[in-house]
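What follows is chain A paired twice: with chain B in the first complex and chain C in the second.
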Partner chain A sequence: MGEVIIAELDSPERVVQAARSVRALGYARVEAFTPFPIPELEDVLGVRRTRLPRLAFVAGLGGASLALLVQWWTNAVDYPLDVGGRPTSSLPTDVLIVFESAVLFAAITAFAAVLVGSRLPRLHDPLFDLPGFERTSLDRFWLLIRDAYDDDAGILDEAQALLDAELARLGAVVTRARLTEAGA
Partner chain B sequence: MRRGVLVPLGIGLAAGALTLVYALVDARRALAAWTAAFGFVLATALGAMVLVMVLHVTGARWWRVLRRVVVAVAGTTPLLALFFLPIAGSLELVYPWAAPPPDLPERVARALAHQQAWHDPRFFLVRSLLYLATWTALSVLLRRADAAMSRRPTAARAARERTLSAAGLPIVAFTLTFAAFDWLMSREAGWVSNVFGVYVFTSGLLSALAVIGVASWMASLRGLTDGAGADHFHAVGRLTLMAVILWAYIAFFQLLLIWIANLPAEVSFYWARSRGSWRTVDVVLVVGRFALPFVLLLSRSLKRSPLFLAALGSWLVVTSALDFEWLVVPAAGASPSLADAAPFVCVFALAWAYGAHLVYTRGRAPEERGAAEDAVRRDALRYRSP
Partner chain C sequence: MSAAAAVPPRPEADGELPVLEHAGTYAELTDELLDKVLRPPRWMRPALLLTFLGSLVLFAAIAYTVTTGIGVWGNNIPVAWAFGITNFVWWIGIGHAGTFISAFLLLLEQRWRTSINRFAEAMTLFAVVQAGLFPLLHMGRPWFFYWLVPYPNTMKVWPQFRSALTWDVAAVTTYLTVSLLFWYLGLVPDLAVMRDRARERWRRRAYAIFALGWRGSARDWHRWRIGYGLLGGIATPLVVSVHSVVSSDFAIANLAGWHSLIFPPYFVAGAIYSGFAMVLTLMIPARRLYRVEHVITTRHLDSMAKMLLVTGWIVVYSYAVEAWSAWYSGERYEMYMTLVMRPFGPYAFVYWVVIACNCLTPQIFWWRRARRSAAALWVASLLVQVGMWAERFMLIVTSQAHDFLPSSWGLYRPTVIDGALLFGTMAFFLFLFLLFLRFVPFIPIAELKELKHRVATEREERVHG
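Then we have the complex of A and B:
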């Protein structure tokens, strides 16, 4: 953990402009905290589209194959039962279970992947300790610049001054904060 | 008149002449194909009408920029009355109940005798008139409400569209179900499927969205879509994917229930459609109208491409026509025939010409005049697909 620079803004339009300026200055590890989703920000900050759908698709295919295999094996191989002369293994009836399993596997995989991917079963983040952070879920828009960090405090001062000058016209309040893992 | 109207009109009239020749060679067979083509355009127009109504009722705004096209597809409904005339004039050639063949199995003959009161020709024509009048009235009302809204959007006009749609949806649901029973299912003597009306609707919804995909692309090339972008086409693509799945779902469950019960009175439908060249049609429908479009439409980038939606839409229009050929023609033991394309092309091209005419007559000017105070259009332009 180390020091980060925070720019606080008061409107969605301004946070998009500010993010553009920050990116133009060459900072890459920039995060935004906003009360509601702002689609334009994703493009500016270079947020990639999630690869979750592909994972869910593969999991769905896996579930479907497994269901087909299990039904074929139980009905046609392990315990064949003659019901009114019907074929022991038949695709039309298998489709129901195949479909349900595909949905189940895809859904569980997607759910688990979201949890793991967003490191969710976690109760605290050092960010929460920063004064005023709770307002990012109400009416404030934060840009968090992580890669202004350096061991040399002088570089950080310089970066803060530069950002301050750059973002002042947008009414940004630029501050520095130290993130500590220790928490309370 | 514009080229966009004249060309399909010319194609439609030429195909109409070919259909006439077809009818002179084999009237019964040509009428079977005409009924299938009629069912195809009927389901497409009403599928679009239900779509318009649902979009009004749910208060969707994204489609405002494509509205002219979507409403025009639903607006082709009045033509149905015209297309129905050949069928009304020769019931005994189209429907087994109007002139039962002598060699019917006893089971089928009993079923027909049981249905005699319902299938009285005068009663049948009165019902047909009722369906056609209802739909024509609804489509004219929807189109007028839409024209008023595009001249000057007001809250009262939007509320009127919503009320009209909320009242119209159950009406269309019932009339479409009964019309599907009367006009299409009754060709299959003694065969009954409760889900048939829903099948026709879902097939028509898919066909309508395919037409909307093609027409939106063409309209956007001519600057008639009021600024539709990738996000709006994405929304159309998502709905098309939904319709593909819905149609396959209904078709599959009809098959599954009949297959698993395995009763002679019910399997006759699939028996007739699993022999000879119909087998090829079965495969083309399952692969071409479900598997292939399903997999392609899963892709986000493809759904966002207007050109792709137009190409896939054209293919889906063809397979939709094939679906109605498959649904209607085999009843009397007939095989699929290339000559059947003539009535399909005729009916579809004439409906397209009329729809294109509706798109053009909406004009460009009112959109621009009302644009400043049109909050709905502003919302539609700001629409971003997730």
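Then we have the complex of A and C:
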């Protein structure tokens, strides 16, 4: 366990091609590390669409309801104040804070969801120990194949040779490494 | 210095000037941008010192105001709101452009926003910080600011939510929070590349902490992209709401010249107008001093100038509607305020400064040469800011100075402390902005590399396709 294959490529087009081939050979636990977002990679690697927008929507609704409840209860129930005979519970004057709270709650939730979903913040990750990983934030594109040596992954023996040939064709620098722990 | 200078500007697919003139590799682009931060220019230290000394003026004026009392300001009955609120409205208006550029233009897929969005967002944050100072100080006893927040207390009272002042608190704090989150989320991948490229150990450590352990896997990027776009999407209506709420402080009052339905859109247009001007004021010297003309290109100047022209015309239209509806109302106080007091009264000078700076200045941008001239844009941006400050002063002060009863009329005159606060916030704003330039990659690196990739792909498709 923990043994992985790393293929380093030098362009966004090649990493997409390599990912496509690797997936076609039957490897399932494949990760890519890139200096900037490459939306095509997400489809190739089968990244499931995040539920973040739905979460933010629910949080926004929650914020809006809370704001409405607080304004109604404080100004109409607990501390009603007669200002020129105007209604104590008035939706038109409440709606601005309702809107602001909806945005505030949705934004904080969206921000938190990005971090939590990516397991951030973290002080260390076993990947950071791999030599050359620091270049993935600069101009290198990594494919990390986690199930290359899994016996129960159901990958054909021929796949290994085909994989090497394909990665070599794309000019990838291939290394084998052992991760100290399963960095998710 | 860079290979980019040799490349002649080739037009984009839409026939416009290119948004990026860089011929090097991703690594070269990254290192070039990181270098601006890792090896700061020589003027940085004296500039930081100078603006810090200026900020001391602000701190001293705040200390004097708080320890002595709000009477050290020039405002009094009948002009209860003057410099303090003018500065608040002006600064918060400036703060609008950042989110407008980042969020609104992100949704419209305007690619020229990429190189300047972080710059504009930082400007937003620091401008909102300056703005927030004024209502706090204006309270007189700023240590009781939390009375505006609904919390169960022994006095058994609650804030009155039918007052626009409570809306202000919600709008401004939300705006500050959301702008900060949006800015920081965009920054995380670039802090990661800082972490990976810095040479000194302490520097790597420091950037590592702020990069939060970013790895840049395809899944991370996916979530980041969706989250960032979503924040942009919800920040866009927020931009429009903040200055609308601020304008309600005036519009729901019954004073002549304030009680008008045009106020929310009028204020929002003015806010974006002054904000774009501030972005230009800061961007033009910075792109020159840091030599990033190939990243912040003439195309950016051109687009920003067009935005100034458009928002300038919305402002002109608002002035016209304001005057017309005052006349059409047939109400003598409204007519007097808008058609007599403002243009010909004791503050007439301010009025004509507003007309000259806000209405006439942007008209030079009908000419392409003016739009593409950094010097013309810079001077115009300064004039627009003067004009927008004067507009807020005119709106706020004149209505209070001459209200319904001539026996209660009175004029406002600023004190030295009023002036020190305005000057001090400018210095403090510049100080914070220089700190940002000094420590943070101020041009979004990951987004720019993505743009470079996309521009290259499109060019290839046009050549082969």
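One rule holds for everything that comes next: the second predicted complex is superposed on the first by the 165 of 184 C-alpha atoms of A that agree within 3 Å, B and C clash if a C-alpha of one lies under 4 Å from a C-alpha of the other, contacts with A are read in each partner's own complex, and residues count from 1 in each chain.
One rule holds in what follows: a residue touches a chain if its C-beta (ideal position, glycine included) is under 8 Å from a C-beta of that chain, and two chains touch if they have at least 3 such contacts.
The shown structure was predicted, so the numbers you read here are calculated from the model rather than taken from an experiment.
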*Clash or fit: chain B and chain C on chain A?*
clash
*Return first, second, both or neither, reflecting whether A:Gly117 touches chain B, chain C, both chains, or no partner chain.*
second
*Kindly classify A:Pro39 by the partners it touches after superposition: chain B alone (first), chain C alone (second), both, or neither?*
both
*Given the touch rule stated above, what does A:Thr93 touch, chain B (first), chain C (second), both, or neither?*
both
*Name the chain, either chain B or chain C, that contacts more residues of chain A.*
C
*Could you name the one stretch of chain C listed in 39-47, 273-281, 291-299 or 309-317 that collides with chain B in the superposition?*
309-317
*Which residues of chain A are in contact with chain B in one complex and with chain C in the other?*
39, 49, 53, 86, 93, 96
*Using the touch definition up top, name the residues of chain A that touch chain B in the complex.*
39, 49, 53, 57, 84, 86, 92-93, 95-96
_Applying the document's contact rule, which stretches of chain C touch chain A when the two form their complex?_
25-27, 30, 150, 156-162, 166-167, 170-171, 173-174, 177-178, 181-182, 184-185, 188-189, 192-193, 195-197, 212-228, 230-231, 234-235, 237-238, 241, 245, 248, 446-447, 449-450, 453
*Considering the complex alone, what residue numbers of chain B touch chain A?*
252, 255-256, 259-260, 262, 298, 300, 384
*Contact residues on chain A for chain C in the complex?*
12, 31-39, 41-42, 45, 47, 49-50, 52-53, 56, 60, 67, 70-71, 74-75, 78-79, 81, 83, 86, 90, 93-94, 96-97, 99-101, 103-104, 106-108, 110-111, 113-115, 117-125, 127, 134-139
